[in-house]
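Chain lettering (A, B, C and D) follows the sequence in which the chains are written, and residue indices restart at 1 in each chain.
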């Protein structure tokens, strides 16, 4: 199942991750776990940079989903960044569209569009809209209104079945998003139509917009809900690449019913003051907070400067922002 | 032009969809447990693999339609007008209108002529809703032949379409295969004293009113505005210029429908007196003909509005 | 819990059903099971009469829900037909509003309005609208659009809790109606807010508008779905008064969570050609079919004539319609 | 009249709701996991038992609000404008509009000035949607003080209300406690050459345009139409009669909003040239000021429309 060839047409799914570059389209296939963690670290960095530059956006859910997206885009999806419209590509539908910085960053790192675009996020004229919108290479669905992605994914998967195509459809959902009844309409219909090429992944970070999910709207027992709606349920650590890849493989092997992976994650993962903090669901860090965050994600001033350069930041801003980082 | 023949527009839809299904394998249908009423079952019976009933779960239906459309299918989403517009509005807006998805929404049982089911089932706001979506094609056919053509045009032209159909049989006003042109109003009758602008079932009422008016020497032009969006502004302005007085007639609430769009065109282009025949409140259960009479949507109401606008015209 | 005093203000819930008249407001409290069955028979008769007279309407789901409504209105609800706005009344919310002939008939039999109104159903000017609408005495919610009643019931129950009132809220849902995601939004929120004064009853007649639920949209395992959404689940024979009364009592005694009663019923119950027949979801019988149906429900010509008279039918129609019935 | 002070209308709502909550124990609130953004959390913090967050489940929220209302409560349902109108439209229509339920819907973050979040969050059709519901009071306040009063009026008057609020701070145009009267337009500035009719954030733009016009000798009346339904027809007709030319300005799609309702009134009552400042398509992410400029909703756009309508006026 694991595949990172850049020409997805010939892609074969191979069982174990090997190695890839963390920049741009991988030149070598199948990164190993350590490399995946490196990639994810770079993704987190660029999520933070693009949101800080935008001055608004949703860091919490972008950081919690980062490992899931890295696992998908580097090891699981059959896709071709040079041909986003390839009919047989696997589809990743981001239903929690506010967390698009995670998706944009991953797409940029895989070469769907220049990394420099990331610094245009949310700005007038940019194709990187505040909520993901079709038209951006690699973006499969317009989002921003919660609850619609799983239904869309059912439609995509049904079309694939009609056409005799073998692509798989993945839908990434928020846990707060599961409050929307439409998610359960979609779940019921996917089971009814036995759409086993469909995999839902719930980013179970236990926080929604205002507060913790258990405070706003209790979701537990979430696994029992999906099971009762006819789905195979896998519950895993959503920051563990071995667990993610195993579950994604199990999903591929499931026949006759759709699979949901409940990925236990930490909202704001990687940044101490964002972790488990509802305040950073939808608020951009200040440049001071960014500096601290980049340090926590494990970047030196020099590395941050290089990354900012790649993202197209002007020299002055690079100097200003990285200057706020601790020495070394 | 009015003949004695009648046809049920939703049935014509079902038959046309069936025919299209045979011609184009990409045509699929999604439904909301009302496929007998919408006649989409004709397609479903012939092409079970291309037909997805989602039950009464209209939000899911619309987003699934969007997913199908962006995977190369041409989905016809069919249900009652109320359940195909207001219920899944946000899904239509974000998933279909803002993306320009190639989805065709068929809303049957529109207006108060749904009759006995009562207000919850009577869509009197769907034109306003769908015309509030930039880029959405909104079509209200006046009879069977026009419906057949509109369904074919919707299948052929890319982009989102809403077709508003009726429960009851309506008089056949057009010859088969004639007339419907997307975005173009149709002059059903010439006249220079005033113009009656109508859509849907009110076109027949307008024609009837025009005949009555003609008997008293008033020559009314009758304009069938089957495409509500994009609107044929030029035909409306021409009517304003050439006849100087307009009556609009629609089976819809007074706000946001044909009347207000015609008023916008003339106020922006060529100010002229307009009278509107439309609904001013929710109706109730009852036989369709009774409701049309009680709530003011008959040929006589159009005629009265015509007389009112004629007295204003001079001033 | 069982109470049928007509002055509900002084109503006490007593544990066992005793007896009542089958006509109008009961003069004696607490009907026994035999009497309840008699009442239900009369209710079915008048459902059929009113729909036939209307020429349109929904017999299938009205007949399947009849016993549930009779159990509620004769034995369970604290209510006062002479004072429908009584603040402490128990509320029955009919979410499957197309099945209003069942509700209207029960309300008329309990004296909320004259039985003669039943022959005005769906006619211009009648307060008996094609789908139940507020304004009609005893009708607690406007319906016709599926999926909204349970949410409405949550609101009613929450208001009662805020006001320190002890009333209970019952919501009657269709099984096909459970396809609507809003039902699951409501279910989730009722459990979250621990609304234990709320009881949902699903009329599990296994048929929706066009076809069987398993064909249109599989609902099973329905009990597991409700349980996973935090509800106590009771599954019973929805045509058995002992079972209904027992379950309704258990629901009253449940603390800390809402209860759903999945009532297994037969759509079109009591009329052979309507039973389990999707065609009679939303179609009125012809007068010939009516005649057969009345006979099957167990009425003689004379009884049918008397009933039609009470419902305000003109003599000629009474003669015509009952004339179509078999002799005796 | 325009001062340098500014206020965020959604914040004013939150504070007013808190105050009302202290005065009237029947006031309750329901929310959709956006209570910080709508400032309803102020009420929730003080009255946790009277505050129900339903998460992002807007259909449930609206029907629960209806249930609360018919049990004697005065529920304020609050969320972003898009999620409080289109998403639960059928629930509003059947449960609130058709029943006349005493529910108050607060839609914050309306229009394109929601800015960076992009099109899915930008409500540009909510006026059309809510004005398509007979009997629904639709209010678009122009500033903080007017918002405070509108919230109080909504709490006091029975029946369904929709209040459309903004994300950003808007200039304060009114003195505290002044001016708002339900169903009555307000003359913000006198003039006889033409009338600028605006609502919401476009009132300030209209006042600014009027000042610019005055400098070139054109005296524009400015009408603040805060109540979109029921509309103050008389004030609009008076404007048409007395000034003979009208410009409408709204942060809304061209169909179904203020412009089309004003056009309907004049076409039916006193035909006069109208120019409309409104949106013609979906916008995009961007800073609010940039979007207003790019999509044509600035004071300069109003001024240009005024000059256009003046050239038409003579004819």
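The definition used in the following text is that a residue touches a chain if its C-beta (ideal position, glycine included) is under 8 Å from a C-beta of that chain, and two chains touch if they have at least 3 such contacts.
All values derive from a computational prediction rather than experimental measurement.
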Worksheet item: How many hops, at fewest, get you from chain B to chain D via touching chains?
Response: 1
Worksheet item: Taking each chain's centre as the mean of its CA atoms, which one is farthest from the centre of chain C?
Response: A
Worksheet entry | Whole-Å separation of chain centres (CA-atom averages), chain A against chain B | 42
Worksheet entry | For chain A paired with chain D, centre-to-centre distance based on mean C-alpha positions, whole Å | 37
Worksheet entry | Averaged-CA centre spacing for the pair chain C and chain A, given as whole angstrom | 48
Response to the item:
In chain C, the residues touching two or more other chains are 133, 142-145, 147, 179-182, 185, 188-189, 217
Fill in: Contacts with two or more other chains, residues of chain D listed in rising order
54-55, 57, 59-60, 82-83, 87, 90, 93-94, 98, 119-120
Practice prompt. Name the graph shape formed by the protein chains and their touching pairs; answer line, ring, star, complete or other.
Written response: complete
Worksheet item: For chain C, which residues are in contact with chain A within the complex?
Response: 147, 179-185, 188-189, 191-192, 217-219, 221, 224-225, 227-230
Response to the item:
Counting only contacts in the complex, chain D reaches chain A at residues 33-37, 41, 53-57, 59-60, 82-83, 87, 116-121, 284-287, 290-291, 294
Item to complete: Provide the residue numbers of chain B that touch chain D in the complex, in ascending order.
Response: 82-83, 86-87, 89-90, 93-94, 97-98, 119-120, 125, 128-129, 131-135, 229, 246, 253-256, 259-264, 266-268, 271-276, 279-282
Response to the item:
chain A contacts chain D in the complex at 54-57, 97, 122-126, 129-131, 133, 142-147, 176-177, 179-181, 208-211, 213, 216-217
Discussion item. Using the touch definition from the top, list the residues of chain C that touch chain D in their complex.
Written reply: 87, 133-134, 140-145, 147-149, 151-160, 162-163, 181-182, 185-186, 188-189, 193
